[in-house]
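Here is the structure we will look at, set down as structure tokens.
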Amino acid sequence: MSQSKFGRYGGQYVPEALMPAIEELEDAYQRYVLENEEGFVDDFRARLRDFGGRPTPLQHAEALSARYDREVYLKREDLLHGGAHKLNNALGQALLAKYMGKERIIAETGAGQHGTATAMACAHLGLDCEIYMGERDINRQRPNVFRMRLNGAEVNPVTTGRGTLKEAISETMRDWATSVEDTHYVIGSVVGPHPFPRMVRDFQAVISEEARDQVIEKTGGLPDSVLACAGGGSNTMGAFHEFTGDDTDLYAVEAGGSSLEVDEEGGVAPNSASLSTGSEGVLHGARTKLLQDSDGQIMESHSVSSGLDYAGVGPELAHLVDEGRVTPVNVDDDGALESFHRLSQLEGIIPALETAHAFAFLEEEYEDLGEIVIVNVSGRGDKDLESVIEETAERDIEGAPDMDVFQGGL
Amino acid sequence: MSQSKFGRYGGQYVPEALMPAIEELEDAYQRYVLENEEGFVDDFRARLRDFGGRPTPLQHAEALSARYDREVYLKREDLLHGGAHKLNNALGQALLAKYMGKERIIAETGAGQHGTATAMACAHLGLDCEIYMGERDINRQRPNVFRMRLNGAEVNPVTTGRGTLKEAISETMRDWATSVEDTHYVIGSVVGPHPFPRMVRDFQAVISEEARDQVIEKTGGLPDSVLACAGGGSNTMGAFHEFTGDDTDLYAVEAGGSSLEVDEEGGVAPNSASLSTGSEGVLHGARTKLLQDSDGQIMESHSVSSGLDYAGVGPELAHLVDEGRVTPVNVDDDGALESFHRLSQLEGIIPALETAHAFAFLEEEYEDLGEIVIVNVSGRGDKDLESVIEETAERDIEGAPDMDVFQGGL
Amino acid sequence: MSGSRIDEAFADGPAFIPYLAAGDPNIESTKEYVRALVRGGADIVELGLPFSEPIAEGSTIQNAIVRSLEGGMTPDAYFDLVEDLDIGVPVVCMTYYNLIYRYGEEEGPEPFVRRAAKVGIDGFVVPDLPAEEADPLREACDEYGLDLIFIVAPTTRGERLRRIMDRVSGYVYVQARLGTTGARTDVSDQTDTSLGRLDEWDVPKAVGFGISEREHAERIVTGGADGIIVGSALVDIVAEGDTDDGTVAERLERKARELKEGALAGGESRPQPERP
Amino acid sequence: MSGSRIDEAFADGPAFIPYLAAGDPNIESTKEYVRALVRGGADIVELGLPFSEPIAEGSTIQNAIVRSLEGGMTPDAYFDLVEDLDIGVPVVCMTYYNLIYRYGEEEGPEPFVRRAAKVGIDGFVVPDLPAEEADPLREACDEYGLDLIFIVAPTTRGERLRRIMDRVSGYVYVQARLGTTGARTDVSDQTDTSLGRLDEWDVPKAVGFGISEREHAERIVTGGADGIIVGSALVDIVAEGDTDDGTVAERLERKARELKEGALAGGESRPQPERP
């Protein structure tokens, strides 16, 4: 059986009712994913290719390379079906659930990207699907809500708390505690109880498997650094995994939100930088780094990007940070918005707001990133158009196009 | 020099002011595209791969194959950067313009897909870009308008006529007549004066080049039929080109709109079925099949999908129809909407409304399509969410999800 | 595992174990409500220390937790509350692991347990702490003589069940049905099966999740339970506030009495279990 | 290519060639307006037959076309209008190729040309018909003795220019600047260069696109033009309707006179071209 911990992080802090399902999942993970029983892995890879569109390209970014005077490569997960890296995991888990004989899938979603990926995977595989989504996120990501419905999924609004990802995960766990016998919970990132963090990482590792081969083919060598935005950390771990044994610097770029300061009284951390500023604790099934107050109550996090708006982070990432193998950094909302516009204009790629964080870090720190830099383009920004209009109008964002015609929304 | 006609169709019916530019383009097409001068074709293919995400998969559609009791394969152009086949052409022409030393790009757009593809290609290549778009289409496709602006393009509303693609093309030609010396007009389909129909087809032919190899690899043989929706006909010609020498049936699926009847008095054809119901005439630079009244005035066309809403069609397609090599068929708005929902639910792929027409034909006529059917998924439906909400609510569409929560839009 | 105050609470027949969220809606009320429950016949009181992510709770208790946190409840305030209670029946602290883990300056659960022991808490229920992760807390409980109650779910069987029953003390919390806490109008069929599975173990079995009526209590005890745990049905009364039917405290006491009577009636209709 | 009514119109010095969209806003008005222009000095009248996709026109003439089509203009109505005109100066039909191509039962442009000849039309300008595609229309024109006027653009040079000039008759329409039709407030520098390129050909050169003032007319004729073509500036007057300054017809006549005078003044300030 695989290890349930990464150093001091990880574990299985879940209600007893879920433990049998989690043991069943550990077993299925071992057999199907690690040992390719019944050809699961081959089936998965074929579907990722034909349904998902893998491999995604590693693109040399001409304008950014010129701007930063080094070679910048983009790993184009935005081209995956559904528009983000999320499908790698959603398809893997939904397929695994099918191999396990489960008929119903539940999942939480923040930006809606994991929800849409899961809904698509379930439609593709003929599984029932229900998605929990915070009410606030539902309002921030309406098109994704509609896409899930189009794919035949139910979308259940979660009204507790601030109505973002944290609450959606809690609510999905509650559903699972009721429905565990015929239902699989497709968690959306490298978080949750073991074996989720390990399994989701394995499904996402295809990003760095491809990228490593591609960068060697294109440059003859390994990159000096790899940048990926970190919410729960699945695109991060996916982009880093195959490089962890190399001499490549790995930067996990978190959402600095509006400030790194914390409002203990209000229970609000106006950022989502759990690796940079969080402390150890137990949330959603795992011991990891968290945004919490001194009592251990979880803070409401904030980011302009729904997909990074989470108070926790994957335990493996927390461990790699402690080990010094991954460097946690963060950029604020303004920087992310600026980078959103910069990438759109310079490279003709409209990134997700989540992804834009990685580019903001590139803009700020390129001098220290070496000759060859890979940025993981975790998703496309179509889902963010409405937010970008609003958020850009509220700020004075350098280089943004004139938003006047779009006042009042799309 | 390449032939300017396809049988009786094609030619160069444009104002004299444009003819020198068109001759220059013919020359550039000959040298760069046909003779690979300066390695243009290699450069183009590399960019299609790394920036665009080619090759796109040919996916076996499990649910549709079961439903129709034959093997249905999907050519996944929806996975191309930007979300439609349009980038194949836009990138090709923008790159050609760059090789020709042009600094400014203009283009028309209907659904906004060609506009966004052109805006993306121009941002990628560092070219200035202005897009003409009918005012009605601007309202039907707001997200695409915003995406073009994000990529740094100007979007110029066209207010003449009904404000759809036809008017946008006319207006772009007017701009070109003024700016022809430093500007290239990136036309969005296999229409317009020679060499556009031929050149655009060559850029799009990558679809059938790949699909032909892929279907042979997957099935050991050639398909019995290939289906593609036809507006101007670029995805159609792209999907058909390499099969024209084979024994494969080729179906161009036009928009039947609300009816095939024509309102001569009002000057309106409530469809866009120029191959099925049109007559020979001259429009936008070419002799082709058109929707026109008995005087030769061009009709206002209609389709629920902006991208098919055009009174003309590519001259090569008109010729192939006359020759009996391509079968023109059509389906109505309702059928397209139904298929939009069906594909979303059964396969986890939300198609463009344009694309949905091809699937509606599959639903209606699958019995006659043979054992192996390829449907070209020309684009994804993210751009259509708003229209689908409205149009579905107006109708009684079989199998559509409950739209109530989305009343009032996204 | 013998002779704790909790063990004693099961000595005289079926136990009635009410749950309230501490600080809902404020500290003084909680004291009043707990005393009312004791008057109504409570043998043990489960007092929830609210955590911001209560993944095992249904909406009734979630809302109680929100009210409590908004009222300013903290672990320290909770300990003070318990210290002040002085009710003569054992108090079990029900909370989530992060609050236990984070408390105090030193690492691990020890500081929390130490303080809990000091203020008179008798045991813990930690819904997000399965047996696999419980060793540090189990050790601290042993050190301070507190019971650690585990939940067994309808899905808990075989090897897992054994692992839990090896570690449990005080009583085992038999989760009557899958899902989260919350009052129901029926008794789950799963309850009897679950109780059956526990026959071979001698520790008291208290059934919770969904019990809201006298009849439920009676049926469950008849089915072999040594106690019933009732939460949401009581939290509902707190949430309602005073009504024409009486103050919250009056109605809590009445409800407690009714449930306790149910349990006793159930106890009489079956052969008394042999107690050690 | 000799002796047509159009050739004659250039015989007595620089020609003034006004353009109106037929049927804007209705047929009777067009007749009245054309007569006013002739009174004002028009030597040839270009009468537009509106086509729904006028890709060579700026917004002024586009709008006129919309008005005309909405007023019910059709090719047959157009022919009737011309037949009724009886103005003593040649009429050139300006339209787009599809209307010519589609007219009548038989295929090709012949039926249209036949009918045009019958109603007294003297020639054609077809902005979307470059020399490359013009042979069928050229042949039909030759058959019925009509002139086919081609446009040369500022970008037309060398081989292309030769190809056009080989086919032109009546006059060559020198497009004063790139772009579409529409009144401007200046004269393009491109005009003189364009005229220069045409020196070796003996056919009359009429300049159009953007001319709106007496001074423009004068300058252009001074620069070597044999005629000036004015459209949008006149269509603007039609669009405005009757004003305090006079009826549309009165203002058209006045404007025509002014432009014609400009042309004449230009003609006097340069050596008269030798006419055959």
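Note that the chains take the letters A, B, C and D in the order they are written out, and that residue 1 is the start of every chain.
Quick note on the criterion: a residue touches a chain if its C-beta (ideal position, glycine included) is under 8 Å from a C-beta of that chain, and two chains touch if they have at least 3 such contacts.
Keep in mind the model is a prediction, meaning the values are calculated, not measured.
> Imagine the assembly minus subunit B, everything else where it sits, and name the touching groups.
A, C | D
> Subunit A to subunit D: how many Å between their CA centres?
66
> Can you work out the whole-Å distance between the CA centroids of subunit C and subunit D?
97
> CA centre of subunit A versus CA centre of subunit C: separation in Å?
A distance of 37 Å separates the two centres.
> Where does subunit D touch two or more other chains at once, residue-wise?
none
> Mapping chain-to-chain touches, which pattern fits: line, ring, star, complete or other?
Looks like a simple chain-to-chain line, open at both ends.
> Can you name every chain pair that touches?
A-B, A-C, B-D
> Please output the residues of subunit A touching subunit B within their complex, sorted ascending.
On the subunit A side, the touching residues are 49-51, 53, 56-60, 62-63, 76, 78-81, 83, 119-126, 142-143, 146-147, 149-152, 341, 344-350, 381-382, 385-386, 388-389, 401-402, 405-406, 410.
> Under the definition above, what is the set of subunit A residues touching subunit C in their complex?
Answer in residue numbers: 4, 11-17, 19-21, 23, 160-161, 166, 170, 173-174, 177-181, 267, 281-285, 287, 290, 292, 294-298.
> If you look only at subunit C, which of its residues touch subunit A in the complex?
51-58, 62, 66, 69, 74-75, 96-99, 101-103, 127-133, 150-157, 160, 164, 175, 178-180
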